[in-house]
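Across the two complexes that follow, chain A remains constant while its partner is chain B and subsequently chain C.
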Partner chain A sequence: MTTPLLETRNLTITFGGVIAANDVSLKIEAGRNLAIIGPNGAGKTTFLNICTGWIKPRKGQVLFQGEDVTALPPRKIVQRGVARAFQIPQLFTEHTALENLLIAAAARDGMRNPLIDLHDTPARDEMLHLLEMVNCADVAHRLVVELSEGQRKLIDIAVALALKPRLLLMDEPTSGVASSEKDGIMEILITALAEAKVTSVFVEHDMGIVQKYADEVAVWNAGNVQLRGAPAEILEHPDVIRDVIGEVA
Partner chain B sequence: MNVTIFLLALFDGVSYAALVFIVALGLTLIFGVMRILNVAHGSLYAIGAYATVSLTGFALSMGAAPILAFPLMLISAVLVGLLIGGPIEVLLLRRIYNKPEVLQLLVTFAVFMILEDVQRLVWGTQPYFQSAVLQSLGNITVLGVTYTVYQLILLPLVAVALLLGLRFFLRHTLNGKLILATTEDREAAQSIGIDADRVFLLTFIVGAILAGLGGALASPTTSILPGMGADMIVLSFAVVATAGLGQIEGAALTALMIGLGRSFAIYFWPEIAVLVPYLIMVLVLLVRPEGLFGSPAARKI
Partner chain C sequence: MSSVSTAPKTDAPKHPKSMLWIVGVVLLAAVPFAVPSLQLLVTFALAKGLAVVGVTVLLRAGQVSFGHALFFGIAAYACAFLMAAIPGADLALLLLVGTLGALLAGLCVGLFVVRYRGIFFGMLNLAFSMIFWSILEKFYHITGGADGIRLPRPTVLGMALERGPFELILYYLAIVLMVVLGWVTIRWFASPVGQIFQTIKTNETRLEYLGVSPRRALLSGYLLSALLCGVGGVLMGVAQGAVTPEYVWWVRSAEMVFIAVLGGAGSVRGAFLGALIYEIVRTYASAYAGDIWQMLLGAFLLIIILFAPGGLIGIFGSLAGRAVKEDAK
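Let's turn to the complex of A and B:
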């Protein structure tokens, strides 16, 4: 049996009496996009935050490709290959789209030459290609603050891909976007992830998107995984219809 | 108005403004990136001056040429940045970035008080004077007024070079952009793998070196004595606040305004000379509370 891409063992944490993670043990295999669904407050975002090092669990371990990364600071975990995209894109809004990617590439490659010109870096072509992959080549030189929410989402994904991750954790990749745009964004996203050979885990409330784009679904409830399986099977499950889909609908 | 006196006031003002600007540049860089108003900046200035005087005095007593004072100034400034600035950031400031501003001010003020006493302990209360280097570059005569090349040419040149260099570094190099990005959003920077702790440490050290360099360059032109750090922090704060906190180019202009205002007052209305910098600051801040070049709530440098 191969080492899972990411594995958590007995993750436990409480916030002021609320159990946000209750003994979560989970394996994520490379190449299978996993959707995380569940009611609000079930601990979905906490799980992503623990995996990326922003929250340290009271108990338990996070292993990435077999290495224990639980105690590492977030930036070290990023360097190992776990990237994160947020519900609200965390971009540098006073820089252009391309500059955001160049900054990410510089963070990835380290700062060797302190005086290298911003637009003269070896990563420039690669970053322009990434912008093409997410259909944003035309806005490469626009300031992020001027772009639409959908474009920002895509550029946020491109920034995450610029870090050359093996695993991308996303918190509601299509939230805040008009529903007519959601499918388009997910199409671009899933295609780009496949091309870059990146496995994704995404928290999602839109069951249509889960159905269409996830290879697997994990249902979160009260700080732990309640059910896990193929989308068709999970979305038909009576408990899920009652606890999750009912609430969303 | 007598031309000679006018020129003297002008030259005094320009050379003084250059010194104040170098110190203010460090203060505004640290504030722009880290959002910390470092009161201890004044002590770093004073210690830069003391260190230069001690090192130069030692070198001269060993028979070195006065010109050797220039590398010693640079060494003093770098030592101040590394040996005093570095530990201040790592041991103290790192713990208080998320604390209220009042607390941050109190901490850096406490460091200032401690460093003031350290200076008295190490160098005593007698004034030091070491001006050998002042004449080493010779004099220049403009319309009958003779002035040292050091003060009239070198100091302004260093100030302008630092301004342009820092501006270029921040706006046009990748590492400058990494610093600006960390300034804009520390969390986002960390989530793409930028070592924000290191960015802050390096920024603080560079800012501290600028304070030390200001003191080192000022040392041949003035008596080195207790209290000089307090004068300088107040003056450079006036420059930075008048320009708008974090505004690099603006600080150059306000340093010139305040330097010239002060020196002209010394010649023409000496009673209010000490007041002039603050009068300028108060007048500007009454009309534009965010400073001449600042925008409200901006966090740019």
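Let's turn to the complex of A and C:
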């Protein structure tokens, strides 16, 4: 058997009395798109936080490509090939959309030359292309603080993609994006991920999106994986209809 | 969509404003002949201006240091000690040693303070400068205590000069350093490293998730700021011919922050403009207005903060009929 791209073993963490991760063991194989669904407060974001080293679990391990990364800070895990887009976009608000991407590319490429202009770095065209991909080319030169929530979420994803990760973690990628645009964006995103051979994990509340774009679904409940399987099968499951879909609707 | 590839390149509209700056530098260069009485004052102002640029660098990352006179003072004392050890040492050597001293101190202090932000960052810098200040005061058999140490005139490229020509050379050296280091700093701001440094101000979480250590990013700018203060300190020490603990006194640090805000927080050109105006006002106001000059400056700063947050450079920019933020971008 091949090593999973990401594996967690018995992740456990509590906040006060809340058990946000309760013995989570999960393997994520390379090349697939895994959707995470579950009610509010189930621990989905917490799982991403632990996988990227932002929060240290009280118990358990995170392995990326077989290497134990549990004790590493986020930047070291990022350097190994994990990128993240956030539930609340994390951008440089005093920079333009394009500059956010150029900075990401500079970080990726380890640009050290102090006399070259950020705008003249070789990744410029590549980054413009990424912006186009997420439908934000028209706002490339606007400060992100001026943009809509949906646009900021998409730029946040583009920033993560700019790092050319092996694994991309996205927390509700299309929340805040106009529903008319959601499908188009996901279509392009999933195609691009497949082309670049990027594995993705995305938390999603929109079951239509899950149905269409996930290869697999994991259902979170009370800090653990309750069910896992193919979208068709999971979305029909009575427990899921009761606990997750019922709640969202 | 098509507008994207034809990105607004900012080079073109910059020229008229650059011309103004060139005129400014030329005017400064004429001072020793046109208004010789201002020569020393301008030398002091430019030395301070370099240190203010150091403080300005940190402002770009949203951090305020209330202790940067430390690096100013360390560089000046390094020069004084060097002159004591090697009488007749050269100005070039002083510049090198003083700057390296400030850089080394910047590394030691920086490694520690980059763990903190905001008020803690500011106060820790202050604490370090006060520790150094008390060392200077207490170990008077080495440091000369409150009286400080003399900093005899160094040779210039091997030539021993009289006071007049020496001060003239120092004056032009200050202008050259202003132009060169100012240019380097502005370029650095626009460079990938400098841009990464400035993101400390808005989102360290994202920075960490780009695989970059925010502390390291902050340290890069901290070292630049220490270097700039160091160069300023060497110039000031050599121009005054003596160094005293007053160089690292907290009021000096506060003055740097004051001038940085006055000139236009975050602007390199504003730092020099602010330093020039500050020195002139200070000198003439204290001569003609006695003790109330500080009150006048305080009131002036208040007005700037309330009505012209872009600082002198912002006012200057609008007077010149140009957008404020060109330099600041």
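Note that the second predicted complex is superposed on the first by the 248 of 249 C-alpha atoms of A that agree within 3 Å, B and C clash if a C-alpha of one lies under 4 Å from a C-alpha of the other, contacts with A are read in each partner's own complex, and residues count from 1 in each chain.
Keep in mind that, in the parts below, contacts are C-beta pairs under 8 Å (C-beta built on N, C-alpha and C of every residue); 3 or more make two chains touch, one makes a residue touch a chain.
Since this is a predicted model, take the numbers as computed values, not measurements.
Student: Quick one: on chain A, after the overlay, do chain B and chain C clash, or do they fit? Just give me the call.
Tutor: Aligned on chain A, chain C clashes with chain B.
Student: Tell me which partner A:Ala140 touches in the superposition: chain B (first), chain C (second), both or neither.
Tutor: Only chain C is touched by A:Ala140; chain B is not.
Student: By residue count, which of the two partners contacts chain A more extensively, chain B or chain C?
Tutor: C
Student: With both complexes superposed on chain A, which partner does A:Val78 reach: first (chain B), second (chain C), both or neither?
Tutor: After superposing on A, A:Val78 lies in contact with both chain B and chain C.
Student: Using the superposition on chain A described above, determine whether A:Thr52 touches chain B (first), chain C (second), both, or neither.
Tutor: A:Thr52 sits against chain B and chain C alike.
Student: Check whether A:Glu132 is in contact with chain B, with chain C, with both or with neither, and answer first, second, both or neither.
Tutor: After superposing on A, A:Glu132 lies in contact with chain C but is clear of chain B.
Student: Once the structures are superposed on A, label A:Arg32 by its partner contacts, choosing first (chain B), second (chain C), both or neither.
Tutor: A:Arg32 sits against neither chain B nor chain C.
Student: Looking at chain A, which of its residues have contacts with both chain B and chain C?
Tutor: 52, 73-75, 78-79, 83-84, 90-95, 99, 102-104, 106-108, 111, 114-118, 121, 159, 163
Student: What does chain C use to touch chain A in their complex?
Tutor: My answer: residues 1, 3-5, 7-8, 184, 187-188, 190-196, 198-199, 201-203, 205-213.
Student: Per the contact definition, I'd like the list of chain A residues that touch chain B in the complex.
Tutor: 52, 54, 73-75, 78-79, 83-84, 86, 90-95, 99, 102-104, 106-108, 111, 114-118, 121, 159, 162-163
Student: In their complex, what parts of chain A are in touch with chain C?
Tutor: 52, 73-76, 78-79, 83-84, 90-95, 98-99, 102-104, 106-108, 111-119, 121, 128, 131-132, 137-138, 140-141, 159-160, 163
Student: Show me the residue ranges of chain B that touch chain A in the complex, using the header's touch definition.
Tutor: Contact set of chain B toward chain A: 169, 172-178, 180-181, 184-185, 187-196, 300.
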